[in-house]
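The same chain A turns up in both complexes below, where it pairs with chain B and then with chain C.
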Partner chain A sequence: MIRVAGALATALLVALTIGIGVDLFVRGAAGFRPGYLVREPRDLGRGGGIGPVLVSTGIVVGAATLLATALSLPAAVFITEMRRPAWFGRFSHIVLNIGIGVPRIVWGLFGAALFGGVLGFGFSVATGVLTLACLMAPIMTAGFISGLSAVDPALAEQCRALGTSRWATVWRQIVPAARPALTATAALAAGRGLGDAAALLFTSGVAASIPHSCFDSAATLAVYIFHLLTSVPGGQQAAYAAAALLFALAALVQLAVSWAQGEQRFAG
Partner chain B sequence: MSRSSESGRWAALGALGTGPLWAGLALAAFLGLVGGRALVELGWSLGGWHWAPHSGNFGVWSLAAGTAVAGGLALTLALPVGLATAVYLALYAGAGVRRACDAAIGLLGSVPSVVIGLWGMTWVVPLLGNSLASAVIVLAVMITPTFALLAGAALRQVPAKLVETSRALPVGEAAVTRVLLARARRGVFAAALLATSRAVGEAVAISMVAGNVPNWPWSLARPFSTLTTTLIVDYDGSSGAHRQALFFLAALTMLLVATANLVRLNQIREEVR
Partner chain C sequence: MIHLRYQQLALAVARRPVIEAVDLDLTGPGVVILLGPSGVGKSSLLKATQRLIEGGVDGWTRSGDILLDGRSIFAGPRRELTRRVGYIQQLPAMLMGSVRANVEFGLRHDGRTARREIRGIAEHVLEDVGLARELSLDAPARNLSGGQQQRLAIARAVALQPEVLLMDEPTSALDPISSIQIERLVRTLARERLIVMVTHKVALAERVGDRAGFMLRGERGGRLAEFGPLPAILHAAADEGVRRFIGMGAIVDQRPTTAAQILDKKFLVIGPGHNRHSLMAQAIGREEISGLPGGCADAGEQPDENAWNASSSTIDGLPPNPAARRVLEKMDLAHGGHASRPITAEMLEQADIVFCMTRGQCETLARQYPAHTGKIQPLDPVDDLEDPREGDLEFPCHVAGRIKELVRWRLHAAPQYPARPSA
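Let's turn to the complex of A and B:
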């Protein structure tokens, strides 16, 4: 009974995954004209390609991932190594976990008001990257912390016995030992950025052209699809092709994440 | 390396390394500030029955009800399906099937919300219209995979000895499942709370199928709005009191999500102890 119900539920989810993917590619196929990946959009995106959007996606998501990593790795090391005061560990645990749960649209409004408004960056790559880095940082820091804490404590003890300084122990031994988990976390956060529309809609904006400076607006793929669907009459056909592409990219990222992670059935 | 330069490095790391914490605190301060200011300046207007910003009515109740009803109904769909999936994959599926299904469900969970929204526009809206029913289905598709995977992870924390022992007894599969769920209930509950916080916070996909009319959510067939869809639809053209009211909505959403997450953390902590 339970077995049958469970198999049906599982089959439903798997069928949905396959159905959504296949449907997107079938409907999007008409949009994949030669040069689709490199040409400029025409007619508000109803025709032409999406070259500039791909470039913008790479710039915004790439820069935000780098910035978030540069903030989160030191944070994770600091929080794992700082055992005292005890309240600091608990406090950062709570702040990070609430930070992970902050809805994207709330980060978007925060970024638009602070970076776009108070700092005066407006709709721009800079605003988008800063906002997206804020969204990614708690995810990354929490993931990095669990990656670093999973390293065998014997490694640190052996280093201490050899007289290695704490700094060298962390950066030359523990961080490299945790690299697979750290890479998986960074890929996961990059995937969140890739799929994000709500946080970037009001920050990096909807311009479908290659940004010439970090103060130009630049739409990422997800924002561009949302814009096609909500603000461009007759944009739905073109959205299928772009959505199929985004689905494929998200699947690649997901593949990279699960490849980097191990698995386990029931605890010993 | 001298001791002093080493401690200098740690101090620099500490200064840099609290960045993500500051981002979280800045967000909390920002929402407290703008939400509080909206509360002071708009006052009782926020407690009204209707959300009609152009006539100065900023009643949040119909929107909050939209979030609660859509989230609640989506959870009633997502929890049984997700739990059945997690139990099946933990107890019955062979290793190869389990790995393939985990990958497929993980993929579904990682599909960007704008893509799920497009799927909803293509398949669900033609059947059910821009309505509460469409939003519930789209939302359920978004939160079920996450819940199934996290509940599955909680089930896998159960000691193998316990599972094998109960399976060896002639008690039937219902009893084995009950033992498994009883042992993993905190983890499963935590997964459900995470799904809840995702349901409350999701904006893009719902806004594409909900119709975005600030109706009370009492009919499955009518268009409606939630707190987050109102943010995404109204923000760009808003100013003055309207924008302040939107910031209040954002603060309210955050309050709901933070509550769910604090309860979840509490669950996990007690389990560890």
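Let's turn to the complex of A and C:
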């Protein structure tokens, strides 16, 4: 009974994901014109290509992922590997979980107010990247913590027995040993960033052109889709095409991670 | 001359005492063995000696001191200690990368070895432990067999040229051949170092040890019950607790048990849990006919199909197939001679001494057959021989080897074996 129910539920979930992908591609198909990926949008996005948006997406999501990693990895290492009072570990864990639970639109408002308003970056790549990194960092830190905790403690003990410094132990042994889990976490967070519109709508803005400095406004794919749907009359067709592209990108990130982890496993 | 001294060392974790006031004076070079049942703090003592366990960290508290050549090991930075004292884990964790990288890692980060010397030193120690001959030094360390990993761990530690080497059950998970390699290595290393080794294997202790300490459970954690030359401890322990432990189950029948008498009897191996499919019992059967090729396979080695069939059928009392029968005949072994079967009163009647694998088994058996209580005793005087619940055949094979060793040791020691002082 439970077997059947479980199998059905699994089949449903798989079918749902595949279904969304197929639906997007079928509906979006008309939007794919030659040069769609490189050309500039025309007619408020109803025609032309999507090139600048793709570039902006790469810049914003890439930079935010790097920034969040640079912030989260040392934090996770500190929480898992360093001597610290037990209450601090518990406390930071709770706060991180709250951070993960904060709705994206709230991060968006916060980012727009702090980075856009107080720091005066306005609607810009900088504001977007900083806000997105804030949103991704708690997710990444939590993932990094579980990845690092899964490393056999005997490895750290062995390094200690050899008299190796904590620094070398962590960066030369423990982090490399946890690398598959860390990569997966970073990719998961990047996926979130890729699909996020709420946090970027009020921060990096909706300009569908290639940003020339970090203080230019730049729309990522998700924001662009939102913009097409809400502010461009007759933009539905173009939104579908862009959504199909976004779906493909997200799938690509996940596949790349699975592939990289598979390589790792075979390399021993 | 190396001098390691424990002064009233007591350890506790989360207020639970682990070791109570140990006083111990060790001088090297040589091999000192720490014996004792599980959970009496042998490993903790070893870890404390390298400050892997330290008061005030992870809930540990310590009182007393450990002196290395007269100076407290807790004074000064830990790095100074790790240069003089090496520690080898029971199941050594392999570092990232190749065999070579595993040895070079410690040297690279010890802050006193010149860069250009590192490669040479690593190759030298890997040669010493015999790995350089066996495999490519650029092979990933994680692919090594258990014995190779243990030797790599020794190489890693020795590369730093410590005066004291602490080894936690270095052969506990190894096949007999790898064990012997490690034993030889230990003897060689002990020429100029003090080696402190925790082990369960009495036979191993006798082969490699110079002196031994026996730890038992005291009121406030493990205590050092006895220290001295190994034969003295095993055959004429002064401590009542050690004597009781070694002679547990005790021989009421005071006739000297000779080898001939035991060998006359059917070889009665009481498998743990009386389980016919016990991995250990199967391995014992295979060891019994270990003259067969692949009787007990090493890790990664495919055992001989016919030998397996032969040993399986002799253990289970099933008819062997023709090929297996030929193998048995060639070995001059009667089929069915080793079949495992339920224990009967008659079997116990016939036996002079019944060796059990675990203390729990001894107690159960004594309850079932009160008339034979005096004959029943654990085979291993130090610890229980447990059947692994899972895992490959490597481990039970190793346990089976240990059982054979113990039987040999029992036969050898039988004449001087201490009878329990009559109450």
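In this section, the second predicted complex is superposed on the first by the 241 of 268 C-alpha atoms of A that agree within 3 Å, B and C clash if a C-alpha of one lies under 4 Å from a C-alpha of the other, contacts with A are read in each partner's own complex, and residues count from 1 in each chain.
One rule holds for everything that comes next: contacts are C-beta pairs under 8 Å (C-beta built on N, C-alpha and C of every residue); 3 or more make two chains touch, one makes a residue touch a chain.
Keep in mind that what you see is a predicted model, and the values were worked out from it rather than measured.
By the touch criterion defined above, A:Ala177 reaches chain C but does not reach chain B. Applying the stated contact rule after C-alpha superposition, one finds that A:Arg83 touches chain C and leaves chain B untouched.
Within the superposed three-chain model, A:Gly195 lies in touch with chain B and out of touch with chain C [touch as defined at top].
In the superposed model, more residues of chain A are touched by B than by the other of chain B and chain C. With both structures placed on the common chain, the touch criterion links A:Ser165 to chain B and to chain C.
When the two structures are aligned on the shared chain, A:Asp152 is found in touch with chain C, with no touch to chain B. Overlap of the chain B and chain C interfaces on chain A: residues 165, 168, 267-268.
Listed in rising order, the residues of chain B touching chain A in the complex are 1, 6, 9-10, 13-14, 16-21, 23-27, 30-31, 34, 80-82, 84-85, 87-93, 95, 98-99, 101-108, 110-119, 121-123, 141, 144-145, 148, 156-160, 163, 173-174, 177, 194, 197, 200-204, 207-208, 228, 231-232, 235-236, 246-247, 250, 253-254, 257-258, 260-262, 264-265. Chain A makes touch with chain C in their complex at residues 83, 152, 154-155, 157-165, 168, 172-173, 176-177, 267-268. Chain contact summary for the complex, chain C toward chain A: residues 50, 52, 57, 78-79, 81-83, 86-89, 91-93, 95-96, 105-106, 109-110, 140, 142-143, 153, 156-157, 160.
Note for the complex: chain A touches chain B at residues 1-3, 5-10, 12-14, 16-18, 20-21, 23-24, 27, 71-72, 74-79, 81-82, 92-107, 109-110, 112-114, 134, 137-138, 140-141, 165-168, 191, 194-198, 201-202, 222, 225-226, 229-230, 236, 239-240, 243, 246-247, 250-251, 253-254, 257-258, 263-268.
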